[in-house]
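Chain IDs A, B and C follow the sequence of writing; residue 1 opens each chain.
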Amino acid sequence: MIKKSKVAFEKRASKLAYFIVLPIFLYHFLLVIVPSFNTVYGSFTEWSGIGKKHFIGVQNFVRLFHDVEFYQALLNNLKWMMVFLTIPIILGFVIGYFLSKIKKGQIIYRTIYFLPYVISAAIAGKIFATFYNPYFGINVIFERLNLDFIARDWLAPKNALLSVALVDNWHWWGFVLVIFMSGLQQIDPALYEVADVEGANTLEKMRYVTIPCIKNTIIFIITSTMVWSIGTFEYVWVMTKGGAGSELLSTMLYKNSLFKYQAGYASAIAVVQAILSFAILGIFAIIRRRGED
Amino acid sequence: MKPKFKRIILHLFLIIVAFFQIVPIVIITFNSFRTDKEIKKFPIGFPTQININNFIDAWKIGGYARAYLNSITVSIITTLIVLLFAMLMGYFIAKTKIRIKNFLIIYFGVAMSIPLLSYLAPLYYGFSEMNLVNSHVGLILIYIAMNLPFNILLARTYILGIPNELSEAAVIDGCTTFQIIGKIIFPLSKPIATTIALIAFVSTWNEFTVANTFLQDTVLKTVSTRYVLFVAEKGSNLAMIFTAGMISMIPIVFVFVLLQNYFVEGMTAGSIKS
Amino acid sequence: MRKRISIIALICCLLLTSIGMYGCAKSDKTTKPNDTVTNTETTDSNKENTAEEKEFEISVPSTEEKQISTLEGTFSNIINDYNTENKTNYKLKFTSAQGKDITNTRMSSNDKPDIFILDSPADVAQYVKQDLLLDITSYAEQGQWNNTLFDWAYNLSKVKDKVFTLPYGYEGIVLWYNKDIMSKLGLTAEDIDTEAEFENAMKLAQDNGYTPIMLGTQDWPWAQEWYLSVMLSYTGRGLVKDALQGNNGIKWTDDAFNKTIETYKNWHEKGYLADGKSYVLTSDDAINAFTNDKALFKLEGTWATYWITPLDQEQKDKIGVMLHPAINDTETSHLPIAVGGMWCVSKDTEAPDLAGYILNKLLTQDIQSDFLAAGLDVAPMAIDSSEFKSLDPVVQNMWMLLNDALNKGDYGYTTYAFYPPETRVYIYEGIVNVLENNISIQDYLTQIQSLTEKEREAGAIPFLP
């Protein structure tokens, strides 16, 4: 009897699911994917961004793969990815873990950590530019503290990319924290009690209770981070406009379509970006399937 | 004695991290009260007096009264619809056995990574045919689409973690799908629903490129477009820039603090469950 | 259950249709109140007209309330005059949007403004190539632009002997200096004219603890471009023209240009240019450092009077303005110029005569002096110097300098107005690699040469006066 009602319920639910899921999917598909095909086609044409497109086959891609700038930008994207796979995730996880353990002040801490996320890149860029200023920024403080070796030209060509990444990190990791925390809340406290009874220490509890319980969240964050690192744009554009050795794929795309009247070439960059993201997602899908087997 | 010591160390660590997070915001706040000249002499410092004039000037010059109304309308409508769609999608992808489930997960993962610039211009061509340019409706439609993929996946990941036992019990009691969603899933998903609402609201409020492209009429413009244009125009008056920044930022901070309560509620609900 | 599904589906449908309807209603509403606000004075004259009301859109990248209201008022008056003269019923739709990307997008869609602004001749060249602009030669003849506008500006408005644009503002790159520091160092601006005198002044400033030239390129890589515009133009205006047009076998890789870039690099290494830290400084940092007595010179365009306005009188009094001194023996000091923007008419406009009428009306002294008072750019035509009297003395001096140089024909080429797009971008982006010793000067110039050749083949070289 019980089984029967369950089966019937599931049948009904999945019928209903199509009613809800398909329209939303279609809506998104029409607004984002369909127009994007225009860009995919554009990548096979010579196009200035205005007027007519002339089909030229794969020439844009050939040119792209011979373009030194492209490899430089790609490398920068990968560096960016490495930074964002480490700092925000470790910080977000560790602090999320600690915060979920304390009761007093949890809300205040979380509010403060998350606050930078709501500030737009335009104003955050402005503020950090004053910090990085060689004449009256943080360098002055480091010099006072006799920590001269830390002081440097933060936005000079060798450092610019990392310096900007640090600003984006400041803005970003609070967000990761909040997502981790909502995941951590789902963990049944009883599991920890069992672990306590069995005499597990903090690290063991993390290893055998916390991490397995929020596995999905961790995978989700890592995937999103990687995908976003391929497309990141705002902070670099606000702070350096992709100059001083901080060129990324998106800034390169933007400049090509806007300042150089090379929208066809820019489209090719967009397509390559999308393909890279597909690849990342594909790899994760395979990993997940393996994990489930 | 030992746990107490541990706790102090922990709090010390948390406070240091908090310090790094808060200092830039404090400086923005301070600078919005200082005069342009003071900031230019030394960009980091305490305000010597509470100078409200900055706010009055920036408010007037930037035309913020109208912009506020626009941004609030657009952001709230977008947030509500995104929240509804994302939670429903999240539930159905996570908890039902529809066949296109895996496809949808991959689809939205891919969609998340499509650069805005690749569909912005073609969308404009299309929308201009349908009279949806230079209108808030067109903007909201795009914002919803932009915010869906990540939030759907976020909701799915969370709802996946909700144990099945509860809903199974409800099925035995004869609950319908919507009763289950309304009475069991949503209450248990409050933390993630709050997060989604927050993400949608913040990204809509701060969004610049689409708003600037699709809205040409001055009366329709949103706060973020106003702000970025304001910076371009008043670039050298730092006091104004920080003040305008404050003006653009206050509502989101307010919404965030407001939503904090729901975070808390969500958590207590979670603990009752156990 | 099935009932419930259909109810939900119904609600979804309703929601979507209502959104759609709201959209139509909204787009009607939004244009109407705006128009009634701007055209209140005209309703009387409109009543007599039975002609069908039509919208005429003018799109301008300005954002400041005062400038917007000046422009909106001016255009709406002109359109009203036209309506009464011709018994038509056009209504102004005035929009402002910033950014070339938006113009490009809109001009490729069906939602084209009638009159809009492009940044530079290089943009105009692209638009003409795509056949998006209206040929306005007949209106230009009607308004005798060849007499009203400066010669160079009139020539700039043409592509292959047809007039396509009306330049609406003009600017030059000048050197601002701090009078206090200048006199402390025992120098006078008038005596700094040659390369040797300039180098000497920079060295003197540096020895006395001042930054010789302020330049901030961190958030504004185009500041680099301003300086390179000066350097290249000062190498020889004829050489630049030949190198761009491919005449007389002149190439970017020639010794003259090589020497120029060497000089620039040398200045950078000596710390003359912002202590060698230009890409760590924002454009605001550079302005602040200059106005707070940290630097002797600052290179900036004449468009940038916005940074002078908020200063107090004491600071303003310290600011002087001069032409950049020569950097070699072949070329004297002059003014690299550009236009602030160019009015264009969409080929799809339904009212070409109205567009022509508006553009011609813009070229009257009355309207130009209104523009000047509102802080807008003025058209490249001789302006009665009494109009400048109402301005700040510093700004007034700048306008005099600008007008003077133009009247004497002492102008050169800025990279962003006269170079083709890809060459232009590479010039300011590639220089960072040269300054950082990543590539040699010759490699840099070779790359510029190959880009110019490619773009010349594609017909993307703008007109050079």
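Following the convention adopted for this analysis, a contact is a pair of C-beta atoms (placed from the backbone, for glycine too) under 8 Å apart; a residue touches a chain by one contact, two chains touch by 3 or more.
As the structure is a computational prediction, the values presented were derived from the model and not from experiment.
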Required steps from subunit B to subunit C (each step between touching chains, minimum): 1
Furthest chain, CA centroid comparison against subunit A: C
Chain centre separation in whole Å, for subunit C relative to subunit A (CA means): 36
Subunit A and subunit B, separation of their C-alpha mean positions in angstrom: 16
Of all residues in subunit C, the ones touching two or more other chains: 1, 8, 101, 104, 108
Overlap residues in subunit A, where contacts from two or more other chains coincide: 12, 16, 20, 49, 133, 257
Junction residues of subunit B, two or more chains touched: 120-121, 125, 141, 176
Partner subunit C, residues of subunit A touching it in the complex: 12, 15-16, 19-20, 23, 48-52, 125, 129, 132-135, 153-157, 160, 238-241, 243-245, 255, 257-262
Residues of subunit A defined as touching subunit B within the complex: 2, 5-6, 9-10, 12-14, 16-18, 20-21, 24-25, 27-28, 31-33, 35-36, 38-39, 49, 91, 95, 98-99, 102, 105, 107, 109-124, 126-128, 130-131, 133, 136, 170, 174-175, 178-179, 181-183, 185-186, 188-190, 213-214, 216-217, 220, 223-224, 227-228, 230-231, 233, 250, 253-254, 257, 266-267, 270-271, 273-274, 277-278, 281, 285
Complex interface listing, subunit C residues touching subunit A: 1, 5, 8-9, 12, 100-101, 104, 107-108, 126-127, 129-132, 217-221, 275, 277, 279-282, 285, 289, 294, 421-422, 424-425, 429, 432, 436, 460
Subunit C-touching residues of subunit B, taken from the complex the two chains share: 36-37, 40-41, 60-61, 63, 120-121, 124-125, 128-129, 131-138, 140-141, 176, 178, 212-213, 216-220, 229-230, 232-238
Residues of subunit C defined as touching subunit B within the complex: 1, 4, 8, 19-20, 22-24, 26-27, 30-31, 33-34, 59, 63-65, 68, 94-99, 101-102, 104-106, 108-111, 283-284, 287-288, 291-292, 306-307, 310, 312
